[in-house]
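Each of the next two complexes has chain A plus one more chain, namely chain B in the first and chain C in the second.
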Partner chain A sequence: MNLVLPSLGFGIITASTLLPAAVGFTLQFSATGVLNIAFGAQMTFAAFIAYVCTQAGLSIWLALAAAAVCGALASALLNRFLLTPFARRGTTFFGMVVVTIALALLVEYAVELIWGPLPVSYPLTAPGLVHVGPMSFTHSQLVVLAIGVVFAIGTHALLRYTRAGKAIRAVADNRDLARSSGISAQRITDLAWLVSGLMGGAAGVMLGISLSSVSYTMGDTFLLEIVAAAVLGGVGQVYGAMLGALVIGVLLQESAIVLGGAYAPISAFAVLILVLLIRPTGILAGAAKAKGVS
Partner chain B sequence: MDYYLLTVCIYVVVGIIACWGLNLQFGETGVLNFAAVLFVAVGAYTASLFSLGHPTPASYQQYFWGTSLPWPLPWLAAGVAGGALGLLVGLLVLRRLRGDYQAMVLLVVSTMGTYLVSADPGLLNGSIGLASIPAPFKSELHTGQVGYELFYLGLSVVTALIIFEVLRRINASPLGRVLRAVRENEQAAEAVGHNVAATKLMVMVVGGAVAALAGAIEVQFIGAWAPAGWTYPETFGLFAAVIVGGRGNLGGVAVGAFLVQGLFLEGTVLLPNFGNPDVIGAVQWMSLATLILLFLWFRPQGVIPERQRRFREGQPGPLRGLLPAQAFARVGRGQQNA
Partner chain C sequence: MRLSQQNAGPRRRAHGKRRLAALAASAAVGALTLAACGSSPGSTANGGSGSASGKLDLVALDPFSGADASYGPLALSGCYPAVHLINAAGGVLGHQLECTSSDTRGDPQDAVPAANALVANGSNVVAVLGPSSDEILSVMGILEQAKLPSFPMSGDSQYDHQTNPYFWRLVPPDADEGYAMAAWAKDHGFTRAAAVFASGSQAQADGPASQSGFKALGGSIVASVSLTPGQPSYSTEAAQVAASHPQVIFYDAGAPESATFLAELVQQMGKLPPVYVVETEEEPGWITAVTGAIGAKALRSFTAFESATPASTVPGWKTFSTSLSAVASQVPDYKQYLNDPFTLSYYDASNLVALAMLEAHSTKPAVFDKYIMGLTEPGAGKVVVTNFAAGKKALAEGKQIQYVGALGTITLDKYHNIAAPFVALTEGSNPKQIGTVPTNLMVGAAG
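Here is the complex of A and B:
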């Protein structure tokens, strides 16, 4: 039991990785109404872009930035040239889900074809330990934590204080009303995909750093944890997704200590289902609606 | 070659049955069952446990319980288990959650199943999976391997025909109209008095039982079953078959299952061997994905689209002659009340 506090540190690191992913996933879903199953595959793609960058001699943090930008561009292009055309043809919600599933398979196995089935890893500098009470972090873990916090604050600032962020919220809340108030829904859709791709790309590299390996199935496996965090917070609720990421991240690591590693994902998912039985719309759905920050 | 072709045929029949189960949920009623492969898996494990016999400590594989029953019973038990799982999952997921939540939670439930079986080696032999599952009548029938495969193919085709007839009657009956009403417009169906949650629960149970039966047929043929065979991307293979074939049309779904399961997932093995097996797997999945995208773009209604149904006065209903007249009187009055 004396491992509970140290593993809280791991939980926070997992949550920092989960946070941009869950926020990007849920922000894009609320603004565009497309449930993007390919999100995990996009993360994997970005993680491998970062791997290529580190192989070319860039530092891991520059590689992370490059991968995030690539992720953002890829996401925006996919939306423009694949998803928007499908939506224009009148593909239903379920149809769009299936399109993103197909996209996930394409991206994932393209990554396997290009970079092979074996996992690779980033060259990380020597792990100097920093002790915070009973928890200890490596330097790269601390940077991952910092990036997670930056994404949380950045998302808050974007949605709260910028015109674009307010427009995203308006479109998410009521697309028709937003359009009749002069907001270009198409531009906001593009922006939402761009932002979610950026966050997903960064999260992919952060995941690669914290797992210390990058494989082509990585994002696909992580997608379930993202979905759990997003659903737990209330789908489409950005602040809910942040809270969900924290809860799922800590739960995963704590239950790994208490119940054993193999049971960790099961307990996290079981908590998700229990919460949904009590609050079918996620933890924050009601609170966020009341404050008008959905 | 005969041997291999027969094996593929049996896989295709299994795929068709599983896709019919999904079609009842997704194609007819619009329930996005992202846990479809979980039902196949539950059927397979149930049939294994009902045919393997008691686990012995000395055995090389561990499972929590087992018995050895003669042929139709493991399959029937699988169907019951699939229906029970459908009831459980349906009660958990369908009653209170919105459509998009339902889909995501079903995806999570499916993955939880894989993790659970892999995590506990004492439950169903963990990630190694169960093996040496006996095939029905194999010791009684003194035929060669090809002869036995022919027999098993016959057995699965007869089962498939029975399931086809049951599902066809459901689709053609007033109940089928309720399912399509729920699919087309949930609020409208609710407004005219149909219980949407109960309808969805019903298709989860019936579709789940059908999918589980497919799993039972498959496992008693291949004789082994492990978590790696039912990870959640497999669900998308089933969805692909339903979409390519034509959701809502049993014949179309069968064609889709043949194309996707047969040609894409099994048939690529017949191709000349190029490169390493990883490449073949990747190419297989990528071509499946491309096929789905092409179909959704050019022919979203599938190879054989759902038939437009028209009501003709005085036409005998599909159940007429099968049920006593009172049953019809009851159905008629029930609808008026509703």
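Here is the complex of A and C:
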């Protein structure tokens, strides 16, 4: 049986989970300049919030919404009360990276302490399959796919058609110029962290659904793919991150056929290196700038 | 037989984060280490014979701190009850024995100075109870050069055909679990198997063994899939397995990737065929994770394989059990070790060393090492003994003996690896034994 097309479907599902995470990660980076290594841990935290919600009787989809909101609030608070004070004191880029690494460990330890080292699972309904040509999806996967698409369209609408989105782009492009144009950089920074947290929170729950389990290290493990998608698309390029998510997601699945599962991650990152050798700024860096949608 | 979660898995190389497990183990470790006086063996001369009336040391060269801190206490939990009985029976050639420890921290680099110190300062050292998988590669050569009989706590497959005369492995090689899977599948008439194993660690021993073994028995491997831990999805791998329509699946992977992969496999296959797993998939954490992902009902198609432990009616085990309870002050929470195969193997190892010294009339490791194999072998006119005291008495009467201890009959191959029988069990929190894996098929699988 030829598995290339079925795997394309699996790759799209992986990309759907990767998309909000990569977009949230790169959106926050482009607007604030902080490389947030704790992003994966934030995802994990949100995934466990959703677990608590499901244990309390909420449906998984309501739990996802609640976790996304919690993720957004946690992200905004994290910026306001931890990272901003460091930034005000002139902490360097690498200093901020170290702060986020420490934060990632703290969150991970806290999650392990609260919920234990063993994986837990969401109570999902029986996995009925929907066949689309040679591809097959469970109902949950289709919802995950739909959420990914909603995030892609929502992000596009936010950046393209709203004042807040345009302000985020302006701050990302030139913070000082944006400020002299009357844009409150602090407010936009807060907004970027909020949106990033929302996407990260949702992505954490989507990852938990995709993995059929939630563990305290899952976000950290997934961070590598998130960064790869963001870098592949062009660091700070939101649309690039979307494309990067799709490429990485599909590559991870397709290369498992060609090279076997053991080498799938390697092949995805090998392609990443190759692309960066040809286009050091990522796939969409130039195109996005030209269209004014970076 | 089940390993407790605390001390499960010395044969699997450490992987993943186990900080809490390490913390939980630390209390027992501390107590056992203190009981062993934390003593590194002193004095000089490698391969030494000990002083005329000094104590002879059985040294647990294992991790007593770090992530695998639970391994060291396993060795001591077997050593203490054996030494208790040996000393009660008058010791060996005028010497009392003692159990001591040397902490490798589970780190190959830290283990080297520990092993060197043991060799350089340990004139009283007669045998090493260890090393574990964590440090075996870095210290085994040192111990061999020192001509010290060593009883590794490792199923590492690269020692399956080793030739070091001082190497004695009383725990089954990891590959045996793979051969057990193959033999059981053959015995059940299956001819098409899929092999799914995690990349790295023990799965790299039982995985290839299950496949080569099944082929050797006339079966065919219709899909061979490797799972890399930490991936966001294993859908493609699951599709490969589903598309191959296997009659049985040979499987070994950690809890997180198993939850994901098996859930995706259930989605694609609907109903799982029989899935054969190994001892580590009986750990409570694995069962909890997988049950959450695929439901308890799906676990009914799983069969687990592990080395058989003797029934509580075996005389050697009874003696061990009584002695272990007698040294409860040295072995905290001793009941958890009663059926632990590692504890049993170190109890028997200690007895074999003591009896070998008696038979050789020497406490020099290089001399008595040659007698260990003979003590395990049956033979015409040999007296079967199930404890040290009986063995000492028989040897004093000029008889030849076969030691049948807590593990039952010990069968060693020419590479000094134990050939343990394997049993099949149901998978779940309360496993039940289904049957014994046919030995002839296991031998056939191993080629």
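The rule is short, and it goes like this: the second predicted complex is superposed on the first by the 293 of 294 C-alpha atoms of A that agree within 3 Å, B and C clash if a C-alpha of one lies under 4 Å from a C-alpha of the other, contacts with A are read in each partner's own complex, and residues count from 1 in each chain.
Note that in this section contacts are C-beta pairs under 8 Å (C-beta built on N, C-alpha and C of every residue); 3 or more make two chains touch, one makes a residue touch a chain.
None of these values were measured; they are calculated from a predicted model.
K.L.:
Putting chain B and chain C onto chain A via the overlay, clash or fit?
P.N.:
Overlaying the two structures gives a clash between chain B and chain C.
K.L.:
After the superposition on A, what does A:A192 contact: first (chain B), second (chain C), both or neither?
P.N.:
The answer is neither, since A:A192 touches no partner chain.
K.L.:
Please work out whether A:E112 is in contact with chain B alone, chain C alone, both, or neither, and reply first, second, both or neither.
P.N.:
both
K.L.:
Let me test your reading of the model: by the given contact rule, A:P265 touches which partner, first (chain B), second (chain C), both or neither?
P.N.:
In the superposition, A:P265 touches chain B and chain C alike.
K.L.:
Identify the partner contact of A:L207: answer first if only chain B is touched, second if only chain C is, both if each is, neither if none is.
P.N.:
After superposing on A, A:L207 lies in contact with chain C but is clear of chain B.
K.L.:
Of the partners chain B and chain C, which touch A:A68 in the superposed model: first, second, both, neither?
P.N.:
Touch partners of A:A68: none, neither chain B nor chain C.
K.L.:
Just checking: does A:P280 make contact with chain B only, chain C only, both, or neither of them? Give me first, second, both or neither.
P.N.:
first
K.L.:
Based on the superposed arrangement, let me know which partner A:L35 touches: chain B (first), chain C (second), both, or neither?
P.N.:
first
K.L.:
Chain C clashes with which stretch of chain B: 95-103, 275-283 or 329-337?
P.N.:
275-283
K.L.:
In the superposed view, which residues of chain A touch chain B and also chain C?
P.N.:
112, 116-117, 260, 262, 265
K.L.:
Which chain A residues qualify as touching chain C in the complex?
P.N.:
1, 3, 6-7, 10, 13-14, 17-18, 112, 116-121, 127, 129, 136, 138, 207, 210-213, 215, 217-218, 221-222, 225, 252-254, 256-257, 260-262, 264-265
K.L.:
Help me check something: in the complex, which residues belonging to chain A touch chain B?
P.N.:
My answer: residues 35, 82, 86, 89, 91, 93-95, 97-99, 101-106, 108-110, 112-113, 116-117, 220, 224, 227-228, 230-231, 235, 260, 262-263, 265-266, 269-270, 272-273, 276-277, 280-281.
K.L.:
Report the residues of chain B in contact with chain A in the complex, numbered from low to high.
P.N.:
26, 30, 32, 92, 96-101, 103-105, 107-109, 111-112, 115-116, 118-120, 233, 236, 239-240, 243, 278-279, 281-283, 285-286, 288-290, 292-293, 296-297, 300
K.L.:
Per the contact definition, I'd like the list of chain C residues that touch chain A in the complex.
P.N.:
Its residues touching chain A are 16-21, 199, 225-228, 230-237, 239-240, 243, 255-256, 259-260, 263-264, 266-268, 285, 288-289, 292-294.
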